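Chain nomenclature is as follows: A, B and C, assigned in order of appearance, with residue numbering initiated at 1 for each chain independently.
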């Protein structure tokens, strides 16, 4: 149906080693093992040098997109992150968040187009922190980095994205954060209409990419929209539109490269199921939503609970069973120290039929 | 006899050469292809009268042969100035004047990747549709007759995102013509034309548009399609705004046809540099003025005819070609 | 019971040609094919006695009906005072009063 060659047409430069790592604000709450897994894969599986700096901050992107943080402020915060990278002796900036990636890309372009804004920012940075402004030699999102090493990961692959019972490739829906390539198509692998960053990983690791009508549609996150409770109706409707459109293709899981999208596509499935009794996955359940680090982690043989997958709203066990992942069900809700962390109440999205009066869609 | 070079053997080149010969001048046509006729060879029926393209091409070709006009086929021109033409082979031919009739380039629909041309099945360009009519073979969904067809106007025209700000002029009426032809061929199909403005500039065009609406029931939706995506069964889903109702609109179609625009040739820049010619912002050659000297270049002895200066219809091209030949004759006399 | 999170899931505003039942629309166009010739100039609405005082917009209503969006069209068309000015002005010669009567007859149920 689709000539995949098209998806790889635009290439972008991604550094081979020595990365300065910038974390996301929200990922550690919703997908708590992902960033840790990324660092571990890069350092221990691939032998790369990546620096996880404890003193960098939020890029303030959520505040910026919600009209709370002014442009000058965010530029100065971003300048500080770059300065920290320089001080740590790095030139390649790798950020874990799509919002941040969009902001870094946009600010670098703004500094280039309007040099006076760069001068002003350097001045503020000096006054506020006494630091010198530097710009990264290479800026990448961490999914770019993972994509860059997808073949090295494939060589170390323990469990391909294949259904062990049928031997068929898993059917994967990939969802790209809007600010990855919709602002600057050239900043993304594959451009904005056919981004290849996640599709490339899926194909290299044995899965099959599902193209469906609403593939390019936004998940509905939108910052100020979901932040205001009264606005959430049209925010959630966007995720619903995507889920409705992908459901007939019977995907085995969704993979995202954006903190907001993975959270939304996962948690909104819970909300839609509770509100309307509708689920979109197989056997009346939701569709598991993974981050690309979790996907890489499973492929490389990490334990799902080490990857933090017990924190998902949609249970991942059906997927783990398909992939033949060995896991200890009783360890799901044991924390790092082995202490019981509590178990969520039964939910409709995980087919808690007994707990609801809804007629579930198969 | 005075020798004049005609670069390009499409309808503009042939008509220019024929008129030059009438005026007692010796034309020599340089054509890159192995055959005369240019783009018109690819068209099936011509708007607005559904005349076969052969009705235009054959008389021109036959007259060129009868008049024994010198034609150099499969011959690429590397450079020229007002007194000589240098071929790709290195051969240099001395002439008294040059008429540039190198036409246009069809916009590559793959550049607008949101429409999935070359990626999704059942996405076609208007050029593909002409070929299907010429061959009488329609590639369509699962071998069945299409039930719904969408035709999108202005692909590669009036679009800053692909550096094509100009209007390609002939696509609107081509879209109307193809809608009617498709409806005649597939009477059960619903056909939707998506347009930004409908520009019916020629005689009989507006009437054709009216006929398409009233007699063929073609639906015209004012709104530019934003993207095409594949459906499970291989059809295509399109999204647009129905701007006259102010609501987003979505539908699946069996055929999605892109009316590709006319782009300036990439060689124009090279010719402009080597012969000191002016280019318009659109990349087409810039005539001396747009009124009394619209077939003259800014250089003495170099003339233009046809779509090398802007998108034009066949009738306009033929008129312009005669005019260019007349101005060459005047130039040679007054020189 | 369904949980209440303090918001509802918005319904799509899209005109979905695949889901709309176009049967009535096809019948209307078949009976008065000249309606397809509308070029959306808006002269009808500009001159409309009712449209100047209410939300009535003839051009929009008949366009929506042609796309299979029938909801509320009948009630809207009831606002027409049948003065005939729009028919006098239509550059495409559409029998606008005829269109109004036809749509009302066809969509009486909606």
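Methods note: a contact is a pair of C-beta atoms (placed from the backbone, for glycine too) under 8 Å apart; a residue touches a chain by one contact, two chains touch by 3 or more.
It should be emphasised that the depicted structure is a prediction, and the values quoted were computed from it without experimental measurement.
Compared with subunit C, the chain whose C-alpha mean position is the greatest distance off is A. Looking at contact counts per chain pair, the maximum sits at B-C.
Taking each chain's centre as the average of its CA atoms, subunit A and subunit B sit 46 Å apart. As a whole-number value, the distance joining the C-alpha centres of subunit B and subunit C reads 38 Å. Contact of a single residue of subunit C with at least two other chains is seen at no position.
Remark: subunit A residues 229-234, 236-237, 240-241, 271-272, 274-277, 357 touch subunit C in the complex. Residue ranges on subunit B touching subunit C, taken from their complex, read 148, 190, 198, 210, 213-215, 217-220, 222, 242, 244-252.
The touching residues of subunit C, counted against subunit A in their complex, run 1-12.
Contact residues on subunit B toward subunit A in their complex (touch as defined above): 113-114, 118-121, 227, 229-232, 234, 237. Against subunit B, in their complex, subunit C makes its touches with residues 13-18, 22, 29, 33-34, 36-40, 59-60, 63-64, 66-67, 69, 92.
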